[in-house]
Structure formats: C-alpha cells, structure tokens
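Read the structure below first, then the notes.
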C-alpha cells in the first residue's frame, strides 16, 4: 500500500533563520519585465522571509519570479504576467542570507550508503523496472481516491488499438483527472473512432486503407462542423476512445495547438501561452503526472509542475513519470531539473496495457 | 556545378486529358469547414481542369483544400481559412477522371534498373553521405544567387560555439534568406552573446557557470526590456551569433512560440496558426529548405512546403534537407510524405562546420 | 488458431523450367576458397536443376555456396568449410537460365491492392502492434507442440526480475526448444540466482549493493570451479532463472564467447565459428526464432536462418521476430535481407511479461 | 600545445600507509579458478604492499586478479589465465587496510567549485564539442611522436568514401599505431578497394550495384585465395583504404572474429580470447584510444585498457575517446566504469573528416 512520505519543514528556530533578514523587493516598472536581480524559483519548496515570518510558496513552478501579494501569499509569476507595481523578490542566494531559503531535502528518505563505484547509475532500457511498475500501480490506486492524476499524452497513444483502449479504460475507471495533449492526439483518436485508423492505417492490423490519408482530415472537418468535441461525441459518431472517455466522464482535456497542426480541431488553444496557463492550472492541482511519448508536452508540463504541492495544509510530493522508448528524451527531461521524475523506457503500448491490466479487473 | 532539373508538364493533348471533365465544386457554407467530398493536396504538382483548361496550382502545400479564385488561380487553403462562399474543388481521384491530375514524375530522372535484392535501402548512420555533401555545397552556391534558402533551426544550433558561429557566418555570407525557429533557439543564441553560455553552460568549454541557470532568463528579460530583438542588437549588447546576423543582414526570422517557452522573447508568435502562416509565407518562396535538429519545426515546415515552386514561370524542385543524429526523427519526416527530402544523419555541429568551411574561405 | 500457410512449388512443367540446362559445377581446388563465378544463396527457397530434375535445397542459409553432394542433396557450405574436390554450383542468375531458380513467393498471401500513397510504411515505435502480439501468441501455442522455437537472448533479459522470471517460466512451460546467447546473459542470470543482482545492481529494486561489482566475477568463478553449468545447477546453488530452467528441461543453450567477456563461463564457445556451427545446427531445425535485445546475436542468427524449412517433407515458413527498443537495430536486421522477420519495438521486459501472461495461466 | 598532466603518487610516508599490513595471498589450486576472497582490479592505479613496499601495478586492466610474480612485479591476470600455484592477492578493500590501495585522483586537476544545480550534466548531441575537438587534435599531434595511438573501428568506417579515405590518410600520416577491428571492417574496406562498394552499395554515390551482394563475398574469397591480407595487398589488387594503409605502414591490425562473420578473411582470430589477448597487448602500450561506431569492440577495448600507463618510468593517463551517433552506446561505455573516456556524439564520417583536415594539410 502506498503511503505519502512525510515532509519536514526547516527548523526556523535555528540561528540561521532567526538571523536572516526579510526579503528585499523591487517593483516592476514595465509590464512583463522583471527588475534587476530578480529571484527565480526552482521546482523545490522555497521559503521567503516576509515581515519576520518564513512563508512557503505554494503553487510554485520553476523559472518564475516570486511576487509578494500580501503577508501570507507569494505568487510565482511568469515574466509575461508581471505587471507594473508588482513587488518582486530580489536576490540570487538560496541559503537564507537574503531571506530566501531553498529546501531540497524536505521529504526524508532513508539515507543510502554510497559505494566507491557502481556500474549503471543512469536509467536506461537495461534498468530493472519491476518495482517501479509495482509502486506506480499502488500509487495510482491511492491517487484515484486522494489525488489528482494528470496524463500528458503524445500521438502514439492513439496509434494502436490496445493502447488507445487501455487509456480510455483508465479514464473511464477514474484514473485520470486531467489530460494534457496536442491537436494530434485528439485527431488520431477521433479518426480511430470514425474509421478505425490513424493517419489512414488500421490501428489493429496495420493495413493502409484506400484514400486513408483523407481520414484524419475528414475527422477534423467533421469536428469543426460540429463546433466542439462535446457535440461531436454527443452526436453519437464517436463511440469510443480517449476523447469520448474524457467527455463522458467530465475529465478536462487541454489541447495545445502547434505549428504542425492541420485543422485544428475545435477546443484547441491557438495561443501557446494561453495553453500553458491552462496546463499550469492542472499542474497546480496535480499530485501525480504521467507523461507518455511526447518530448514537447513532457518538458512543457515538467516546466510548470513543482516537485511538491500543498493538500489540506500538508506538503506532499508530486510524482512525475515519463515513459518513452528513447533514453535521449527521458534523459533530457531529467537534465532540465525535473529531478523528482521517474523515467521508464518502454513502448507506451506495453506500458498502458500493463497498467490497465493491473488496475482494472 | 548545380543545374536545375527540367520539369515536364503532362501532355494535355492526350485523350485522357482532353476527355476529362472540368472539376466540380461545392461552396463552403460554414467558415472553416470544407464541403463533403472536398479534395486535398499533396506536396506534388497538381493540375485542375477549369473551363476546359488544365491549371497548375502554384504555391501549394499538402493537406490543403483547393479553392478556385478565378479561371487562372487556384488557392490552397487550410481548413481554418475557408470562408463561406469559397468554391472548393470536389473529388478524391488524382488520375484526371474528375478533372484532377497529380503529376508525381514531372522532374525527369534517369531511370535506374532495379535489382532483385539490395541491402541497406534506407538511410541511416551507415549511409555514405560524401556525395550528398558535395551536391548540397553546389546547390547552396547556386541558390545563394538564384534561389531562396530557408533554414529551420533547433536549439542545438546555439549550444556549441562553433555551430553557432558557423550558422552566423552562413547568414552573413548570404546563404540564408529566412530562418524559421522557436523561442529557444533565439534565447540560447542571445544568452551566448551576453554570457558565452547556453542554459548556463559555457558553449566553448562546457563549464557550468555559477548561477548559470539565471543566464537564459536574464537574456529573455533584457530582450523584453528592450522591446524587440532589433533594438537589443542595435543597442550593442548582442555582438555576434544568429540573431545578430539576421538583424544585421535583414534576414527575416520567424520565431514560433511553444508551450515550453519561458519568457517569451519579443517577436515570438504566441498564436501557432499565425506562426504557421508566417512560416508558409517563406515556404512559398523557398527553393531549398535545410532543417537542423528539430522534429517539431521540421515536420511543421515539411507540412507547408511543396515539392516544387514556380520561379519566373518555370516549375522547379524545392530541395528539402533534414539533418539530425536520430534516424527516428528523420524517418518520421520521410514517412509524413515529405518524399523529396534528403536526410543526413549527423550532429549538426559537424554539419554546419563542414558546410561553412566548404562555402566560405 | 494458427494455421501454417501453404507452400506452392514452382510449376516445373513450364517451358522455362523444362528448357533450362542443368547447373554447371566447378570443383574446389583450395580448401576454403570457392571457384570463380560460384553461386551463393539467399534466405529464400532455391532450386537447382541436377540431372534434369529440380531439387530444392533444404537446410539452407544465406551467403553460402551450394555444393552438390549427390543427385538428391545439395549442401549449403560456408566458405571456410569448402574442401578440395567439392562440386560447387556456378552461376549468378536466379531465373532458371543457368539451372538455378529462386522462388521468393512460394507462400501465397492474399494480394493487397496498393494505394498511390501511404503514410508510415516502416515499422517504428508508432506502429500498431496489437495484432502482432495476438498472432505471436497463437503461433507459439502451435509451435510448442509442432515446431522448434529458438530464442536469441541479449543480456537485458537478465537485468530485470520479471523479465528473467518470465523467460524462465516460458522455458519451463515448453515454449523454448533452444537458447542462443552469449557469455553475458548466462553470467548475469547466474549472478541473479546467487546474489539477486546483475552487475551488482538489485534486479528487483535497483539498489547498488556494496562491493556489488564482485558479484558477476564471483558467479563466473564459482561456475568455473564447478566445471560446468550443469554441475553448478545440480549442486543446488542456482535455484532459478534461465540457465536453471534450461538445464532442468534439457533445453540446449549455445553460449558464444565474445571479446568483451570476463571469465568465461564453462560451456562457452571460445571459437566463434564453432559457435556459429552450433547456432546453425539449431537454426536448421528452427520453425520460429525470437530475438531479444541483441544486435550481434540477432544478426548472427538471422544470417544462419533460412526463411523456410522442410518438416516431414512439407515446406513451411520460419518465423523470425526481433524485439528491441531501438529502431536502428531492428531496421538494420531488415536491411540485411532478413525480410521474413517481424520487428517489434518494445522494452523486452514488457514483451516477455506480456507473452508469459498470455501463454501461461 | 598538449602537455601531459603530472601524476602524483600517494604519500607513502603517511601513517595510513606505514601502518598497513602486507597483502595476503592465496595460491591457485585449480587452473582458471581464483581462490576465495580474491581481489580484482579497476581501471585506476592500484598499489599493493609487498614485503613492506608499495608497488604500483603496471599493465593493469579492470576485472583481473592481481598475481604476485616477484617483489617488484604484479601481473593482472584474467581468470582463464590463472595457473595452479599462482599467488593471488586476497582482500576486497581498497583503502590500504589490507595492503591494497586504489588511487583514483593521481592526476591532479584544478578543482572546480560545484554549483547547487546545473542543467545538462550528461554528454549528449546537445553538448558543446568545440573544445573537445581542439584538444583531441593537439593530443594526437603529441601522441604521433610520443605515444601509442590505438584505433578501434566499427564497420561504418568503411561505408563512406570520405571516412574510409580519411582513416587511411591518418594511418599513412602516422596517426595510428594499431588498429583493432572485426572481420567486417576489413571486408568492407577490401570490397571498397576492389569494387568501390560496401555490401554492394557504392560508397561514393549510394548506388546499389547489380549483383552487388556478391561483392563482399568475392572480396573475402579473393583474400582467402591469397592466403593473407599481406599478400592481397602486395599482389596489387587492393590499392587504397584502411587495410592497404596498415600493411604499407606496418601498422598492426587485430581482426577479431565474430559469430556474424562470413568468410572469414585470413588473419582473423577465430578464438575470441586469443583476440582479446592480442587486443590487450596493444592496450598495454596504448596512450590514446579512439573508438568509432562499434559497441562491441569499444566495450571490449575499454575492458582491457587501464586509465593510466607507465612510459619511461612515468605514470601518465591513457585517453579514451568513443564516438558514435547513439548516446545509448556512449552512456553504456561510461557506465561500465570506463570513466576516463570522453564521448563524442557524431557521425564518424564527419568526425574522421574533421580530424583529417585539421591534422593533415
């Protein structure tokens, strides 16, 4: 059974913290531009001393500028959202000396004694994933009832009959609270519902269908005609799949547009920063994030997802999983500072089938 | 020396063409939605019989809907750009029987006799690229004077001292007529100019700089303060690199925003479909396109770039090169139907240095 | 339920075959060297006209030289096995004109109508594998009773608790008739049995064990002390895993040595051509070959495995599957001419677990 | 200009070393089997206290067993080479407490101050390689005169006209003192000399030649007929390429056989452990090792190459470079403990051309 690890705040009675000054601030004098020496956040818990009290920033995200709203509240703002007059915290230390403290090790883990040398310290196709799968299954059972599970989907989810069905089953059974994806995922999924194909190729037996390259365009055109994915599903043509499951279960989908889109579908964000806001609104609530086979959306989601969140006043970790057959994509994610993330090298078809079978009878 | 291959129109005096009917059309009755049985284009030259005459669609792109503007002009429209009343060509054949003719083999190549069996038919790291490089060098010499060279850049271009410099040199020497990229390329490039780093890592010797993770944000913040890349360069802080070369030489840069952006920089398109239009405006003029280390932008550019263009009334091929260390990315591009494209498996650092050295003394 | 496809011999009453001459031969005059204009085989069925009769070469393999043994028998010999006096078939045509006929399409498949254009013709991580898994499961049920299943294993099989166990279960349940592998697979597997680790890392929970880099050497040293894997298992120390399952079930293992070996284990071939002969002895009997996560052994096995075999006088196909997370490795296999092979992009941990769960209650 | 870093022995006057006991030994009682609690080596300098004096093991390699030959000499033996009576050093500590001391930091490098956080710590296609190339060029100029440069070649070296020529040029100009490779490299290279192809494909323009799949077999057969590569070259048929350059310049080639070989060529080791001995004989002398596009041979060479060597009584580093387009292959090498190695992500065609152009006018 999964148990939330305990979080331990720093001991603010230590001299270090008592002696620390309040943070300094500067006001924004041009919209969207931070004052000199602005501070930026990481994905870890960060505390700021304001009026003599250390305040934890909630709803954080990395590479944002901390803005003091009031004595209790610090908001993490993207540069583009800074407004004239905003009180930006200044300083580039994280050790308390400027009233800023980064708390990397709040979640106590048993210390492991290091060896002088160990083979195979990275995670690759040759890493043993047995326990990771077991833990993820337990985690998802817990999160279904107690958390907020965000899935980040690449197009490949819709390219195979079983993976598409597994994902829909997981949504239908309550294992998804939000879906972040692009125009392509939803387009291929609707094509799957309407024609049984993805980009003209049968998602069960791989047959290329005559004039199959029209399928995804016909799917888009039909959705545009309906005016919304909601109406497309209610109209009865789309009877299965991921979009269908989301709409039937009121699971929100954020569909971000991209320069490679045809169409696009209705409901797709054409403005990427609006899309990012929408993604962040789910990332703020997320307790577990699972990213499948998409470099762009995985990194984008990693950027807006902190390593911790506050639920009912308690700080708890946010778990991030990234699954891909490419170690390069996964290593890149880890290199971006998304260190809390666990990476699994797998074809997501297998990954989704395995999760589905272990979570649903 | 490079020579443009001759294009041969179909022989419209053949019975097939004479007997063919005019195309049928239907009018758009809802903005952004094509009528049933709409036709869509590929990347190849396509002819439509209108009022008894076969008209070649110029400024084509794949997956668009052909709309008759007048007896001489057919415009290829994205679904989202269809307007009520537009006269859309109907029919899903390409053999003339509905007045639509797809001409795949217009550029005559010497026929090669096929063998029963050949090893190694794909292109991979083990393909011999010697001649491809030689041809590309000759092509670029020709295109510098006679064509329109579009570069599509991934962030890695700015991650290494030499590749960044080579790209800037190529721009300065006239080998680039437009640059398509994302917020990251320009951000890393400006960070390189201001700090000598990319994401805090020295682009020459790989040293991680203290507090280096502030560099890219400081670069963005400074650019936002200036209000435009133009002013940032003119102000004198950015003295070298890709952005600098573009602005000094009036080479247009299309910077498309993405959901993973920090900032963004000024000049970045926040709306992806506006970005796509801007990309297409260069793709329409392109005679050679070179895509480096970016899956997203390469596919996006491939989508809007036809395999041919009309220059001074003559049909000529558009050459597309894609360079990446990942065969998967390159194969994906070829699988998308971008068949005219040549793929080269290389680290773009090496690719750019090689081109630079062969084109510039 | 799986059904063997019917094989259709060429119709030798056709004029083409009746008019064809007998094959010409030349005798070997130096051991290990073929006479000029020697013929070589592919992986497909090939017929030779000898004394007026067309004889199918059985027990073929590609890149071998056909040697006439008697009027009924043609042996396919590697260059190194040619002996002075051997009667080598001469000629480099395959259309009957020199008495040599290559029969590529003996296994009739329903013809598929080709489209002008299809996306995604290669096999990649984005291919729909649902049906391939279903077919493979049915095939293995059939082959368990009626065929000869050869597994070719890379080291990764032993790196994860579940994959190692799944493979052992499949052997124990009769789904393997021979195992081809290298020193490393067996070494890691024995390390797993003795220490629960692979290269010092726990195969269940990934913990690096203190002084764990001694484990694989201790495993090797113990096996060398015992003198054979047989005795190591009988001695009782190795109680589970792949080697254990093979020895308990009398499933032959061919362990080929390599230049990167420590040890080696007893039973390992130090001479690669002896190893190749041993591999070929199983390839000759093979009806299905499944290759997991090893480029070297997969290509080596592909080289010695024909696309057909003769069982009880009937020609039937040999099915080859190759599974890897790397498309490059898989494409390379297909490029080698091993065209009958089906490639699946998967982490073999997932692949083995899936097969195991579907084949064994 | 390249300068050898200074090596600093431990200060054996420290109490730690003075107080340490002599090593314990046990004798081998069965050929090829080490006694219990045997010690094994890493790739780093290791000292053993024998008769009160600390002796550095020279000609080391990892995963070998240290055997005392006499008071001055410790030999590192592979398990298979242990003989009854050999005096094996016992103990699994490396801190002096059992008379064994591992000296990891003998080559003093300027200390670098670590930051709390750094992006991009691994080496990937996005690493800046400019300085690495510059250093390698300086290193090779030095090693040409003062060192022993060993090249480890994968087949891809022979697949491209320019890379094959660049490699041959480097050999001809004295930048190679030994070549380690497999049957395939030499076969493709000879095919290139005889037919201008590799596996039937033109190495300059990629054309597949009619009946080209015979070329590599014809190359092998011709070499076998000659009886040795020496005679093949002297006979005058092979006029260029890597084999030609080696023979003309008396640069030794170790060609290790493999289970995937056709042929093999004469001069190829059929026994992999004989091949390993031959490889180690060059690794013992190596001062710089450059591995190109071969996972098997790179790891095999890494296994037998220590991180240091003793030249004229001075300890100096051995530099290992590995070049491949696949980060997985390169990371694997680093994971094996070959930590001194520098990895470069490049197509070796580009790598070789670049080196050649910078080293040879």
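As written, the chain order gives the labels A, B, C and D, with residue 1 at the start of each chain.
Simple rule for what comes next: a residue touches a chain if its C-beta (ideal position, glycine included) is under 8 Å from a C-beta of that chain, and two chains touch if they have at least 3 such contacts.
Going by UniProt, the chains are A, B, C, D = TIGR00300 family protein.
Note that the coordinates shown come from a computational prediction; the quantities given were computed from them, not determined experimentally.
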Pair joined by more contacting C-beta pairs (A-B or A-D): A-B
Between chain C (TIGR00300 family protein) and its twin chain D (TIGR00300 family protein), rotation from the CA superposition, multiple of 5 degrees: 180
Interface residue overlap between copies chain B (TIGR00300 family protein) and chain C (TIGR00300 family protein), same or different (over half shared): same
Cα-centroid distance, chain A (TIGR00300 family protein) relative to chain B (TIGR00300 family protein), in whole angstrom: 31
Separation of mean Cα positions, chain D (TIGR00300 family protein) and chain A (TIGR00300 family protein) [Å, integer]: 44
Multi-partner residues of chain C (TIGR00300 family protein) (each touching 2 or more other chains): 117, 119-121, 125-126, 211, 213, 328, 337
Residues of chain C (TIGR00300 family protein) touching chain B (TIGR00300 family protein) in the complex: 42, 94, 102, 116-117, 119-122, 124-126, 327-328, 331-332, 335-337
Complex contacts: residues of chain B (TIGR00300 family protein) adjacent to chain D (TIGR00300 family protein): 112-113, 115, 117-121, 125-131, 155-156, 159-162, 198-213, 293, 325, 345-347, 349-351, 353-354, 357
Chain B (TIGR00300 family protein) to chain A (TIGR00300 family protein) touching residues, read off their complex: 30, 32-34, 38, 40, 63, 78-80, 92, 211, 213-214, 217, 220-221, 224-225, 256-264, 270-276, 279, 295-297, 299-300, 303, 326, 328, 337
